[in-house]
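Two complexes come next, and they have one chain in common, chain A, joined by chain B in the first and chain C in the second.
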Partner chain A sequence: MKDNVLATIQDLRIDVRVTRRIRLRIVDTASLTIQKGQLLGLIGESGSGKTMLCRALVGTLNRRGAYIESGSIDFEGIDLVKAKKKDWRNIRGHKIGYIPQSALAGPNPVMRIGAQLAEAINQSGKKPSDEVRRRALELLELVQIRRPEVVLKQYPYELSGGMKQRVMIACAIAQNPKLIVADEPTTGLDVTVQAEIMELLRSIRKEFDTSIILVSHDLQLINSVCDDIVVMHAGATIEKVPSSKVTAALHPYTHALYDSRIDLVEPRGKLRTIKGQPPSVGKWPTGCRFADRCDFVKDVCRTTDPTPFAQVNENQWSACIRHKEIYGGAK
Partner chain B sequence: MKLKLNTPLGRKIFGRTIRAFSISFWVMVIAFALMRVTPGDPASARLGAGAEEEAIEALREQLGLNVNPFQQFINYIRDLSQGDLGTSLVSGLPVGEIISKTFPLTLTYIAFSFFFAFLISIPIGVLIGWSNKASWVYSFRTFTSVVIATPNFFIAMVAILFFSVQRDWAPVFGYEPGFPGNMKYLWLPIAINTLILVSIISRVLLASVIDTRSEEFVETGIIRGVSRIRFFWFYILKPSLAPTIVLMSYMAGTMLGATVILETIFSLPGIGRELVGAVLASDYPVVQGILIFFGVITVFLSFFGDLFAYLLDRRVKL
Partner chain C sequence: MSKHLIEAKNLSVTFNSYGYIVPAVKEVDFYLDKTEVVGVVGESGSGKSTFARVLAGLQFPTSGEVTFKGENIFKGGAAYPGELRKAVQMVFQDPYSSLNPRMRVINAVTEAVMHHQHASKKDATEIAHNLLQRMGISSTDARKYPSALSGGQRQRASVARALSAQPEVLLADEPTSAIDQSAQSQLLELFAELIASGLSVVLVSHDLGVIRYLCDRVYVMESGIFVESGATQDIFHKPANPYTQKLIASIPK
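Right, the complex of A and B next:
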């Protein structure tokens, strides 16, 4: 099991520079491991730090004024936290692919699809050779784009949202990376296209044995495709659970997320929501950050600090200190 | 590039060409009408206060003013379609000749100003925009606001005081044709124009670069690890340039109007000063001709500006 691990994020803390003096912590104690060939779902509300975690994995925190304060990201024996520009050059694209958040703004609007694919295939960006062109067509076919010869010559504005995202997926897998980071890849797409993209990611994982980190705020959507789900709340990872056992989660927040599914509501019934808002960045309380919204809160929840993220059983982790008490210490 | 009319692009260009011509037509109508509604009769103005009625009437007939304005317009358009812009009432020279004599000077310093302004604006806009450092952006915006808010004739006068009167770096007025001799007289107007243009152009470019900077596709470009030069062009400049191009083509038209002031201050024998002289002398064929010339240039420049911006960045609506 151990040597099957592709990447490990350990106690990651990410700060962002607001002004010269003021720093805000936006990710605090995030930990997760991803195995080779695993499809890992990363879920959380807006502002929970999932996107920042993704950016840490592809090394683009810096341009948003954010940086890793402490912690480590081990990727195949390389610590990405300490990686230099030169190291990143060998990692990005080659070993870690990235599918951007917004399908609509993902592809470069001033480049033809063919040129972008050529860039992804061959980073030097030299004049596309026949070989590059063949590979580009192959990639487009792989992501199930019809008439790839036509699409190669098109600009992004001529494509639909779903097609744009397929192109972005094609770019991400161009060099057969070991890990693909997909940051909410279905935002802004309609439901049927969302399902197609999910299916595509799953088939890519199967075919190339690629690990995929799939970020979403929609538990329902990713639960059906992912192996494991990691839940983030207010900058911390709070639970890791196999997707088959989401109903047996060991953190009240995961349950709350799961229960607020629209499809569970009877027609004209009341939609279950999570009360309150997640604490805003910079105003995190001591103790459990979910305490104010939790139905099971006790005084001890507010005093134990920091929230520990501990392994409960072979494949389940929880940050809830009272999970035994609440869920009867699941087997 | 071979233009086919049955492609979407071809249709768009065709539509825009039609539009450019129809706007040019309206420019003519307005230039023509403006000269008719301004008070004063060119014929009596030419002959002076004590002129006899018959003499005035004869001159009116000679100038084609004895028919109604509508017929005058028809005649004017007819002459125009044959390349005849009319003749000056003062010098008796064809208006076309006056324009071709005075415009090269104006074109020279406008072209130089735009060339330098473009060269300077790009590094400024990209560097400050890409750094997105609040202090830099703020100081830059403050400085350019001051330049934009100051009337250009005032900048010109201060510059003359400083460079021509206090130091002998530029002649106060005068002109001698022919390169490079003319640069002695033109460098100061060019510098002033460039300063004003840079303030406007680089502001727009800066704003676009800041917008581009936060776009998702830039992230993918970084992650893709494209080379520095490719990144600079395809991920920073090219996606940011369209508004700047559109603005510059539009500014080129506006600049023609500004030449009136600048050429008067520097007493340069360009088309702007010619226009002022013609207005003062009620030399309406010249005024009309120059206004139409300016109008058509402006319309077609903005057409080419839009087209170029579209070819650069397909998000531009043509």
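Right, the complex of A and C next:
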């Protein structure tokens, strides 16, 4: 079990520099592990720190003025927190691929698709051009783009949103990475295209045994695609649960998220909404950050700080200190 | 005379883009009855937004006509002449760009109330506050600028602004696609309330969950034509058209 682990994030804290003096904590105590060949779903509302966690994994936090304050990210024995710019060159793309959020703005608008793929394939700049071209065609075929020879010569504006996202996936898998971080890869795309992209990600995992972290705020989607689900709320990971056991989750927030699915209610029936807004960054309350929105809140929830993200059974973690009381212990 | 509230007959919209003739909507027929909720689904580029803009009178059709209570809305040079204009109001897709960033939310709504209900500024402010309150925006939040509100709050403010004209029909162009799941639930409940109070709604969306939740009837659009239409239940359970079948099959379970 243990040696099957690909990456471990422990108690990660990420701060943003607002001014020279003021720092804002945007991710606080995030922990997760990902196993080899696993498809892990990461879910949370906007502003819960999902994207920042992804950026920490590909080492591009500093581009947003953020940095890792404490914690560790272990990736195959390498500590990514201490990795230097030079080290990242051998990790980013080679070992960890990244699919960005906005498919429509993803590819460089003034570069042909072929040139962009070539950049991703030939990062060392030492491969002969015919080999690069052969690999580019191979990649486009892998992501199921029709007429790859034509697409190589096209610019991004000539492609549809779904095709652009496929090109971004092709770039991400160009070096056969062991981990792909897909940050909301289908936001803004249609349901039919979304289904195709998900199918593609699944086939990539099957073929290359790649681990994939899929970020989304769509629980329904995550639930249907992923093996395990990690839930984030206000900068912390609060639950890890296998997707088959999501109805037996051990954190009220996961339940609230699941219950707010609109396909569970009768048309125009009463929707079960999560009350209030997520606490905004910098104004997190002490204790459980979900306390103000929770139906089960007690005084002890507000005084225990920090709430430990504890393993409950073999593959379930919860940050709710009263889960035993509420859900009758581990099932 | 037509018995429908809004009816579109043989409606076509063609764009001329650098010499290319692009047909966006091709000879479609559509109707909306009073207190009915009708959904228009389709993928991006299928022409559903263009169609909504025509119904709202923001886009002139190339051919065909749209009638509201039997009256052609495109008479002369203007759409929805005179008092008719109030009757159909639109909520746009992007809550981040549909409110004036330099106007406090309360002022944006007050302005619309003053214009449509011919109220004095004092009365209008009160009406606006009440409207926003109904949408779940407190008077403290109402005094803020749009930038200080969340996406869901902004979208609810846009709904308040649309309702300030006391419309009979609300046109919503993908109102939930840019906001979070929990904010989406809040907005949908609001819509359900408004529908219960007698508002007719045309909902354009590619989110089938939203359509199933709110709509009585659905039109499925593919490359400018309605390929299938019918009661929501029938479409979801017995989709006849291959495109509709593909759409239904794509919903994550």
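FYI, the second predicted complex is superposed on the first by the 326 of 331 C-alpha atoms of A that agree within 3 Å, B and C clash if a C-alpha of one lies under 4 Å from a C-alpha of the other, contacts with A are read in each partner's own complex, and residues count from 1 in each chain.
The rule we apply is simple: a residue touches a chain if its C-beta (ideal position, glycine included) is under 8 Å from a C-beta of that chain, and two chains touch if they have at least 3 such contacts.
All values reported here derive from a predicted model rather than from experimental measurement.
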item	value
Clash or fit (per the criteria above) of chain B with chain C on chain A	fit
Which superposed partner A:D11 touches (first chain B, second chain C, both, neither)	neither
First, second, both or neither for A:Y155, with chain B first and chain C second	first
Contacts of A:E119 with chain B and chain C, given as first, second, both or neither	first
Touched partner set for A:Y98, first chain B, second chain C, both or neither	first
Contacts of A:E69 with chain B and chain C, given as first, second, both or neither	neither
Which of chain B and chain C A:V110 touches, first, second, both or neither	first
Chain B and chain C, minimum CA distance [Å, superposed model]	7
Interfacial residue positions of chain C with respect to chain A in the complex	43-45, 150-151, 177, 180-182, 184-186, 188-189, 192, 195-196, 206-210, 212-215, 232, 246-247, 249-253
Complex contact set, residues of chain B against chain A	213, 215-217, 219-227, 230, 234-235, 238-239, 312-315
Complex contacts: residues of chain A adjacent to chain B	58-60, 63, 88-89, 92-93, 96, 98, 100-102, 105-111, 119-120, 123-125, 155, 157, 168, 171
Parts of chain A lying in touch with chain C, wherever the complex brings them together	45-46, 160-161, 188-195, 198, 217-221, 223-225, 257, 260-263, 265, 267-268, 270-274, 277
